[in-house]
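Input: structures, listed below.
Same chain, two partners: subunit A is paired with subunit B first, then with subunit C.
Up next is the complex of A and B:
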């Protein structure tokens, strides 16, 4: 029998979920302008929604911390000997717990928006009502189909444990950050639907949406970057992006959202592209749902896991389907009324943003096709295909060249018709400088691939242009405040692209079968295999190898790649040992020994990794700055 | 003295030769999927089957077969699935050409919209 305490907790937590269901139902009823449900007000209900979910989330954390194995979720995903931080992160290292976290963030955004000022009451009510319909749907799903508080009648002595590959400090924070991004777009979606209902998608709407869409985007960027960083040092394959379905699923909403933030900006400044902005808002949120749930339910990785748990997968598919049908019919019905007469000249900043929007949609199509195509051929034609990284790099690279060009030129164009040749003459020094540097780089490094050279050239142009644009003196020689967020993010993107290309070109690797005492060579470095020893830790045993890295006979660093043997659940992982230098990373990873005599060790030189992360960080900070600046303050001429 | 230099040169050449072949093998390993892993290439994997295919590829290289011949052999034996990059054939026309179609449609749409206003 489950303990009495556990039973109480079981009843209380389920009761809390029910309270949230009722509050959300009342909140959603406000979508109709009725006189019955004027009380309790939006803010009171938002408090109830937040507190009920927050409490149930805290209860779940408590259950994991005290290792109450009467609860199925704790039993299947935790272990009493696990370090505290992983008991904590084990809460969202599984389907049910991560759902609850997802809902918590959904409710939190709802609450924060309900508190925000300077928004008309009716518009706020409708937005919160739509948000609450979603909260209702997800809490119902959680309660009936994947209840985190299910209890068992067995007195299990200990739990099964968290997948060791997930036992990593980065992975403890990666899901929450990513979720804030995904869920942030739910509010943007609700705002878009509210705009459609009230037929007020205008400059004011854009300025309400702007901080939310920018912060969601910044979080999503950070979440993806954390995941990529984790893959880089934890998976031990020597790469940071593998184009696998799970990564692509998070990249797709990011691409749509990147297009969206730029549309919100033009909408705010010029009052154009209303319909397209709404479509992107709907698309971004739908893709976020795909990103969170189709990944978790296993549809993307394998069709078979879907069949093993049809309830969950079907609910999500149904939900996405309903959202799309509802929002697009509303859109079809009301889009005529929200569209103002567009007026944008051919050569203008607006057009540049439009072109890049379309290029982003093209890249999105590529990622979507690459992810879904093998699934489709498998299901429909029973033919298996693999779509590997090369498909993406060959198709995306030429688009990136155009994309970088428009990213560079658009901010330099005015909102009204501009003469292109005048701009180019104005920027002649910039262009000549970038061209010279690119030529020097390509000669020095013997780089003669046209695509790569062009990407480096335009990235360089973008970086220099963004940097010079942010250092802007007026006639009195005082530094003018410029659009720092934009310039920082754009420069970051240029740096990222340069690092990605140079990394792909100059990465080097060697694989050796090594015995203790061997000296292995990688470029100008010698690695002496010093010793190998067994180490015992609280939650795993490991085989640790020591390599002394020498250059010209001098010891520079010691590398300690490991193979870890976890017991709960039994898993073997390989831990890379990485030396981060500013211009290149040196990366050693060991494979599980095939025989007792030697180990297989793989050594990588990964140039520009630090710079790659730096570029990404600049993009994130740029996003945060843009999110925190309220509308109109940094208007340029 | 010249003898020693010659021996060194020979050694150097030999070494270069093996490295060149090794990197050719690695490039090929990166193009071939590990059949028992999740989305890994045989290069990244050390599963038994992956090791077998690596051995097979090394043998074929030393027999003087071209990359193309080796890939064709693998496709014949295991299907298109084994190649990391899908080939351009009737099954993948849409995969390879659809993105460019999308791009052209977009360019056309934006241009028409602008001209309509002028």
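Up next is the complex of A and C:
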């Protein structure tokens, strides 16, 4: 029998979910008519929605922390001997818990928007109502199809445990950050639908949307970066991006969102491209849902997949379908009324952004086809296949060259007609500098591949151009920063692209079988295999090797790659040992020995990894600055 | 037809053409980079696949594992009916063992041997690649649910 306490918790938590369902239903009814429930008002209901979900989330955390194995979720995903932080992160290291987290963020955005001021009451009501329809759908799904508070009658002594590969501090924060990004676009979607209903998609609308879309984008970027960083040092393959379907699932909404933030900017400045902005808002959120669907349905075989339950996948699929049908019929019906005829000049910043929008959509199509094609052949033809990573790199690289060019030139153009040759003359020093540096790099490093040279050239141009554009002096010769967020993010992207290309070209790998006492060589470094030790930790045993890295006979660093043997559940993982230097990473992984005498060691030199992460960080900070400046400005009005 | 409709129609058709060309280029590139998956029986039926890069999956046959040196390994992959001999040079993943599921990537040679350049790593001891489950189901050797 389940304990009395557990039973109470079971009733309370399910009751809380029901309260949220009712509040969301009342909130949604305001879309048709706000006379049905004049009281309670939008804000009161938003409070109820937030508090009920927040409490049930806290209860779930509590259940994990006290290891109450009367609850199925805790039993299947936790273990009493697990370190505290992983009991905590185990809450969202599974399907039900991660759905509850998803809903919590959905409700939080709903709440924050309900509190925001200077928005017309009716517009706010409609937006919150649409958001609440989604809350209702997801809470109903959670309650009926994947209830995190399901209780069992067995008194289990201990739990099964959390997959050790997920036991990592980074993975404790990766899902919440990624979810804030995904779910942030739900609010953008609600705002787009509200704009369609009220037929007010204009500059005012853009300024309401801007802070939300920028913060969601910054979080999504950070979430993807964290996932990539985790894969780099935890999976032990020496790579940071594998074009794995799960990674692609998070990249697709990011690409759409990147197009979207730029459209919102043009809309606010020039009052053009209303329809396209709305389409992108719908697309971005749908792709976020597709991302959740692909990862959660068990269609993909990967560490991210917790459960293969077709019912759950079907629900999200149905949900995506309904959203697409609803929003596109509404769009077809109302799109004529939101479009204002404001033409753009041909050679202008707007056109540049528009061109890059098309390029982004092309890249999105490439990633979409590569991700979906194996799924389609598997479902329709019952044929298993994989798309090699070369497909992505060779198809996307030429587009990136064009993309970088327009990223460089567009901010230099005015919003009205500009003479292109004048701009080029203005920028001649910049172009000559970049050209010289690229030539030197190409000759010095013997880089003769045209695509790679062009990417480096335009990235360099973009970086220098963004840096110089952000530093301006006013008439009193005082430093003023203009568009800091934009320039930082753009420079970051340029740096990222340079790092990606040079990393791909100059990575080196060596594989050795080593006995204690061996000296292994990797470029100018010598690694002496010093000793191997067994270490016992609270939740795993490990085999730890010590390698002394020397250069010219001098000791530089000690590497300690590990193999960890987990017992709950039984799994073996390899832990890489990485030395981060500014220009290159040195990366050591070892594997379980096939015989008693030696272990196999893989050594990588991964150039420019630190710079790669730095570029990514600049993009994220740029997004945060853009979001916060807009929040600030918005409140000043 | 009014002028507005006409100009929209032209724009629409033009973008349709551009989009179809782009999609065609993408799909051709996609086809060049597809890696098919086969089980041993399936692969023996498709002997014209020799020389292509592909994935092969099944169980590592019991008592088939040999190492020539520290890093050159021989083993065979079976689906219970047929076997294919595999040569692999490199590091074996932690969970590689006889009788367990495995997926390798490489080239099927014209002498009937498979030269693998990758053994795909999996992390969970009880994990069975879905393709391998499918393969075993086809030959009726799958014993799970």
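In the analysis below, the second predicted complex is superposed on the first by the 616 of 637 C-alpha atoms of A that agree within 3 Å, B and C clash if a C-alpha of one lies under 4 Å from a C-alpha of the other, contacts with A are read in each partner's own complex, and residues count from 1 in each chain.
In this text, a contact is a pair of C-beta atoms (placed from the backbone, for glycine too) under 8 Å apart; a residue touches a chain by one contact, two chains touch by 3 or more.
All values reported here derive from a predicted model rather than from experimental measurement.
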Overlay on subunit A: subunit C relative to subunit B, clash or fit: clash
Which superposed partner A:85 touches (first subunit B, second subunit C, both, neither): neither
First (subunit B), second (subunit C), both or neither touched by A:570: second
Partner chain(s) touched by A:439 [first = subunit B, second = subunit C, both, neither]: neither
Subunit B versus subunit C as contact partner of A:598, first or second or both or neither: second
Which of subunit B and subunit C A:369 touches, first, second, both or neither: both
Which superposed partner A:351 touches (first subunit B, second subunit C, both, neither): first
Partner chain(s) touched by A:244 [first = subunit B, second = subunit C, both, neither]: first
Contacts of A:395 with subunit B and subunit C, given as first, second, both or neither: both
Partner chain in contact with A:384 - subunit B first, subunit C second, else both or neither: both
Part of subunit C, among the options 26-34, 62-70 or 134-142, whose backbone runs into subunit B after overlay: 26-34
Subunit A positions touched by subunit B in one structure and by subunit C in the second: 237, 301, 362, 365-366, 369-370, 373, 383-388, 390-391, 394-395, 511, 591-592, 594, 600
Subunit A-facing residues of subunit C, complex: 22-23, 25-27, 29-30, 32-37, 53, 55, 67, 70-71, 73, 90-95, 121, 123-126, 129-131, 134
Residues of subunit B defined as touching subunit A within the complex: 26, 31, 33, 38-41, 44, 46, 79-86, 91-92, 94-96, 98-99, 102-103, 106-107, 109-110, 113-115, 117-118
Subunit B contact footprint on subunit A (complex, rising order): 237-238, 242, 244-245, 301, 342-346, 351, 354-355, 358-359, 361-362, 365-366, 369-370, 373, 377, 381, 383-391, 394-395, 399, 509, 511, 591-592, 594, 600
Residue ranges of subunit A in contact with subunit C within the complex: 163-165, 236-237, 301, 303, 362, 365-366, 369-370, 373, 383-388, 390-391, 394-395, 511, 513, 563, 569-574, 591-592, 594-595, 598, 600, 602
